[in-house]
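Two complexes, one shared chain (chain A), two partners (chain B, chain C).
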Partner chain A sequence: MGIQINMAILVLIARCCVLFTVLVLTIYAIRHYWMGFSRLKLRNPKDMNELVGFMMPRITVMVPMHNEEKVAADVLQALVDCDYDWSRLQIIAINDRSTDGTRAIVDRYAEKYPIIQPLHRDSGQGGKPAALIDATQMATGEIILLFDADYIPGRAMLKMLAAPFADIEVGAVMGRVVPHNVGGSLLAGLLSLERAAGYQSAQQSRFNNGFTAQFGGTVGGVRMSALRAIGGWDASSLTEDTDLTFRLLLNGWRVAYVNRAECYEEVPISWLVRRRQLVRWVTGHTECLHKYWPRILAANFLSRMEKIDALLLLAMYLTAPVMVLGWLASLVLFFVESAHEVPILAIAMGFVGYQLFANQATFMEIGVACMLDGSRERMLLMPLNILNFFASTGAICNALMRFYWRKLWGNDGPGWDKTKRTREPGAGGPENGNGLRIVGRTSNGLYFSQKAGEE
Partner chain B sequence: MVVRLKTGSPNPSGDSGRRTRRVAIYPHRSVRSLPVTATRLVVALLVSAILCGFTAYYAIELMSLHGRIAHSLMGFAGIPVKGWEAVSVFPGLQPASAPMTEIPAFSAVTDWARMLVIAAIVILLLVSRRYVLTRNLAGFLMFLLICSAIVNSVNPDLTFTSQTFGQIWLRGEMLVWLLLPWVASLLFLVPQPNVAEGIFWVLMVQVYGVLFSALRMVFCLGVLHHTGLLFLPLIWFGMGTLSDLLFLLFFYSVSVYRTSGRVWGFRSTWQS
Partner chain C sequence: MLAFLLFSLIFSLIYYMHFHVAVTTWRRLRGQASGELDTSYVRLEDYFGQSFRAKMKSWLQLPKDPASTELLSMVDKGGEKIFIARQANYPISHEEEEMLVVDGDFLCGSHCSFNKELLVRQDCVVGPSSELQALAVDGTARLNPGTKVRRWVDSHGFLDIRGNCKIQSRATSRASIRFGPGSQAQSLFAPEVATQGRREDKSKWGTNGHRVVELPVPADDAAIEGFNPRKMVYMGGGCYRYDGSLKLDAAVHITKPLIVRGDFHCAASSFIEADMKVSGSVFIGDASIVKANLVSEGDMILSHAVFFQGILHSSGSMRLRHGVRGLREGVPVAAHANGPLLVESNCVINGKLSSTKFVQAVVTPVDWFESENSKSV
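Right after this comes the complex of A and B.
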């Protein structure tokens, strides 16, 4: 009798878990479908593109670097090659406690180009936010633009990112990140699909519909006055970009998204590197969720839809454990024989199917992005994205477990972890899979490729 | 010296000059869009509703067709079928027939079936070590296998008939078939520039869904017939809704591949 009651309770809990999972995933599915279709329609893009070249405030470009000898020269050269008026441009090359040849590269460029100011950090707190705090004290621009060291900005990039600041409500701006090492590995190809969906579809859609775009901490910028108004960078945050986005939002600023400002980056080609990146993002994001959800709900100036969107954005990594919960609950229902007699098992199984279909919504965003980008061959990789999906789900669950464990017991969180680079110095980028590598730029600022081995 | 000023097109054909001009500036990918109109959404909803209604109305016939295909495939694969039993799929719906084939309990399975489980775990372990990206999926599959092995060891006389399997399979798949038109319309019809082609994709996905389901069910029954319940959770997870998702993803990727090339021209991303 006692066992029967326990079984009944177990089945009841499992059913509740499945229903909860379906509810959460349905909300996200609706959100993704809506964003995908909304982007396809491209209603009213407000990227101030017409002002490119006319709106040239004094800007400071910051490039934080920690052991970046493989890529430092490329990014600095690309920045000095930009067609921004040098009298209004300051580049701060931050050498953050590097132990390799980064210092020498920074000094060489600073000597050659007077607009580059080196900042050598030999001590103090490590990590990008801490480096940015120091660099901000040296900044003379009205606008701070940020580039990670593995990025290669095109000639017009600085002008494109500066233009949206013509709108006085814009506190930060974000450009589009495009991986250039797509052929580096299967993972890199899959991540390029993910990036396309994230920028071409999700970011653009959210911006078009009046929601705040997410500042990514690179290929973007922040207005100095806005940064001061919200209290500067948060050195304790693992994702200073997400933290900044929400502090700006809660102080009435908007984050603009410029889809045309495309900047090449290097995505991780190995899963171990990707997992570390993911752990940092998950931890930082969830920290921001805990920090800002009450203020988001209480903000009178945000519309109901803006609040929902902001909360769904911050809670997006929590869907992974919810999904695992649903799977486990379905497994319990499967094994508990009594459940076979009633249609609930079929419904549970159908719901499991629905969870997968709900995930289809995120895949739909990838399709939308590829359709708009004109990407064809890489789209055929999409079914393999299921591997990335499972791998990411596990990594996210692991990171969240550690996060809540630390929160419970008050331990220190993970430190700031730099993404490992794979590009060779001076190569301008690894081969893209077709035997081509980026080797230089045409007069209009486009990078051109060359067959590996050709002169 | 007389300078002749040539007016009009320098080409022999009068209108060939116009051909050199582009009809429209090729839109940069950042400002491209596709017409997702209200009419298109209404068409998608109508197609979904009709197809879903058709599936619901002809559910018995559809399951009967599914059964006939499964029967042929089982004969082809050499899986012995003792007969067919009427099973209730949903209350209020006429019963459908499920194949009867022997599924041995754990106590009756041969040693090689047990060895097969160990081999499967070893293979999954090797795959997960070799391809790091597959680690979680392989880990979850191993977890299912181990769970199944434990449950079967604790209760070696646990039985599960093929009729019950067929019943649960049909319940799950029927829900998928009812849901498929809605998902497929959103994926294939709404963004597709050519409406007729969009409808074609939606229909094809639905037809394939039924055929593929029969094939997978036969595969699962074959595995169950030879190895008992040891692989049941694994094949349920792998060949069930996950396969439904994967075939949908496959069709979607091919559809976008074709559409993308036709809409923006066959060129690389960096060229636009």
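Right after this comes the complex of A and C.
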């Protein structure tokens, strides 16, 4: 009798877990389907591209670098080659306690180009936010633009990112990152799908529909006055970009998204590097959720839909443990007598779970992004995304477990972990075109291919 | 049992194919770099003209056809021919199917049709109701009334677009553009774009002793009709937000960046000194000055003789009324609307007018009144 009661309670709990999982995943699936369809519906995205070149504020470009000798020269060369008026441009190359040849490269470029100002950090707190705090004190621009050292901005990039700041409500701007090492490994190929879905579909769709886009901390910029108003960079945050997005939102500013401001990045090619990257993102993101959810709910200037969208965005990594919980509950139900009563729930969970492969990039969104990008061949890689899905789910669950464990016992969190670079020196940059200068894209005739120095 | 086995077999086959295609694709893609970006792209307003001239330069290096004469030579660029003429003077209703380069002046009668691009090295006059594919002119260009251009027009000299012309894409000039009444284009860019009836009136700017309301922080405690101080929120960084519509009967002086969550209307002789964002519609009263950027998510109207110096952007339609001026030093101004952008007479913009739909010069009763007045004078 006692065993029967215990089993009944277990079954009840398992059913509740499965129901909860299905509910959560269904909400996310609806959100992502809506984003995908809405992106397809509005193919001409909301943007300020027609104003590119007419909005020319004084800008400061910051490039934080820690042991970046492999890529430092490429990014600095690409920035000086940009078609922005030098009298309105300041580039701060931050050498953050590097032990390799980064210092020498920065000094060489600073000597050659007067618009580059070196900032050598030999002591103090490490990590990107701390470096940005120091660099902001040197900044003279009305707008700060950020590029990680492994990024290669195109010649029109600075003008494209400056244009949306014509709108005073825009506190920050985010461009699009495009992995260039898609053939480097299977993981890189799969991450390129994830990035395409995240930017071409999700970011653009959210921006089109009046929701704030997410600032990614690189290939983007922030308005100096807005940054000051929200208290500057948060050195304690692992994801200063997400933190900044929500501090801006809660103070009434928006983040604009510029899909055409495309910039190459290097995505991890090894699963270990990817796992570390995810741990940092998950921890920082979930920290932001805990920090800001009460303020999001209380913000009376945000609409109900904006609040829901913001909370779903912040809670997105929690879907991984919820899904694992649902699987475990399904297993329990499978092995008990009343299993026949729940297959519909199990199938539903499997279905919606399958739609949410890997870091929220649904099949639908990947498909939409590949279609809009004209890269239909890559779309065929989608079934292999199951590998990324399981690897990410594991890494996210692990990171969240550690996060809540630390929260419970008050231990220190993970430190800043720099993503490992694999590019060889000189393998990128607009001038050498080694594997990176690829022609064939048409941009409604508004842009044309012009080599540096050519009329 | 057989049914089960058959089902399992079909299912396994589909499942296998699912991954087989993916793995095959991956084998093909392995080792490749991304094929999407050209980091050397730059944005140019007169891209079409520049690109076409550059292509022409290389095509004209090709050997000339032996049948060429002194007056008309021909280059065959593989399936397509380019005719090169010293000068051209076509009669009415002439039709041309090939690409044409005219080293001298170009003139054509009415109802002509040029189905390929046209490059004119000197001045160009297109007859009324003609149709062109695209036109690049190194001198001045005149499109007579009713001309249709299926793509773009680019001119190094003065570009005169007479009444009721239609340019499907962009019109650009390195000198100036006159945009005739009833004409349409997707965008116009030149150091000076002017509509019909240009007249430099004596400046009307000034408040004539009327009250000017200072916002976001009023200069005094006196009540302002249409303004509720409790709705004004300081966002930090020198920027303010007004949670509601701001429809003022008085002239206004905006001294700090302001976001209005609603509509914004201000009276004549207002002065918008700092950037503004309006989530609703915008109406700027007569003879006001907009010194900064003005962005709205609704429709925008700049009333008579408004002077603007920054960027205007409207997610709805935009109307620039009679006498509007756009000018600033250093960087050209720009006005863009996602809906139709209507420009009345006597507007002069030093920069760009563009719309996701179309830019149209419209005729208003003011134009009629002025033209009648000038006749009587």
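Operating definition for what follows: the second predicted complex is superposed on the first by the 400 of 455 C-alpha atoms of A that agree within 3 Å, B and C clash if a C-alpha of one lies under 4 Å from a C-alpha of the other, contacts with A are read in each partner's own complex, and residues count from 1 in each chain.
The working rule: a contact is a pair of C-beta atoms (placed from the backbone, for glycine too) under 8 Å apart; a residue touches a chain by one contact, two chains touch by 3 or more.
Computed from a prediction, not measured in an experiment: that's the story for all the values here.
Trainee: Is A:383 contacted by the first partner chain B, the second partner chain C, both or neither?
Mentor: Touch partners of A:383: chain B and chain C.
Trainee: Quick one: classify A:50 as touching chain B (first), chain C (second), both or neither.
Mentor: Touch status of A:50: second partner only.
Trainee: Considering only the touch criterion stated at the top, classify A:156 as touching first (chain B), second (chain C), both, or neither.
Mentor: second
Trainee: A:179 contacts which: chain B (first), chain C (second), both, neither?
Mentor: second
Trainee: Under the stated touch criterion, which partner chain does A:375 make contact with: chain B (first), chain C (second), both, or neither?
Mentor: In the superposed model, A:375 contacts both chain B and chain C.
Trainee: Touching A:393, do we find chain B (first), chain C (second), both, or neither?
Mentor: first
Trainee: Look at A:262 in the shared chain and tell me whether it touches chain B only, chain C only, both, or neither; answer first, second, both or neither.
Mentor: both
Trainee: Just to be sure I read the superposition right, which of the two partners does A:228 touch: chain B = first, chain C = second, or both, or neither?
Mentor: second
Trainee: Return the residues of chain A at which the contacts from chain B and from chain C coincide.
Mentor: 186, 262, 373, 375, 377, 380-383, 446
Trainee: Using the touch definition up top, name the residues of chain B that touch chain A in the complex.
Mentor: 28-36, 89-91, 132-137, 139-140, 144, 147, 151, 164, 168, 171-172, 175-176, 179, 183, 186-187, 190-191, 233, 236, 240-242, 244-246, 248-250, 252-257, 259-261, 263-270, 272
Trainee: For a test of understanding, state which residues of chain C touch chain A in their complex under the given definition.
Mentor: 18-19, 21-23, 25-26, 28-45, 47-48, 50-51, 187, 233, 235-239, 241, 243, 257-259, 261, 274-277, 293, 295, 310-311, 313, 315, 330-334, 336, 338, 351-352, 354, 356
Trainee: Name, in rising order, each residue of chain A that touches chain C in their complex.
Mentor: Against chain C, chain A makes touches at 44, 46, 48, 50-56, 78, 83, 152-156, 159-160, 166-169, 178-183, 186, 189, 192, 223-230, 251-253, 262, 264, 301, 373, 375, 377-378, 380-384, 430, 435-441, 443, 445-452.
Trainee: Where on chain A is chain B touching in the complex?
Mentor: Within the complex, chain A contacts chain B at residues 33, 37, 40-42, 45, 176, 186-187, 200, 204, 259-260, 262, 270-272, 327, 331, 334-335, 340, 343, 345-347, 349-350, 352-354, 356-357, 359-360, 363-364, 367-368, 370-377, 379-383, 385-388, 390-391, 393-395, 446.
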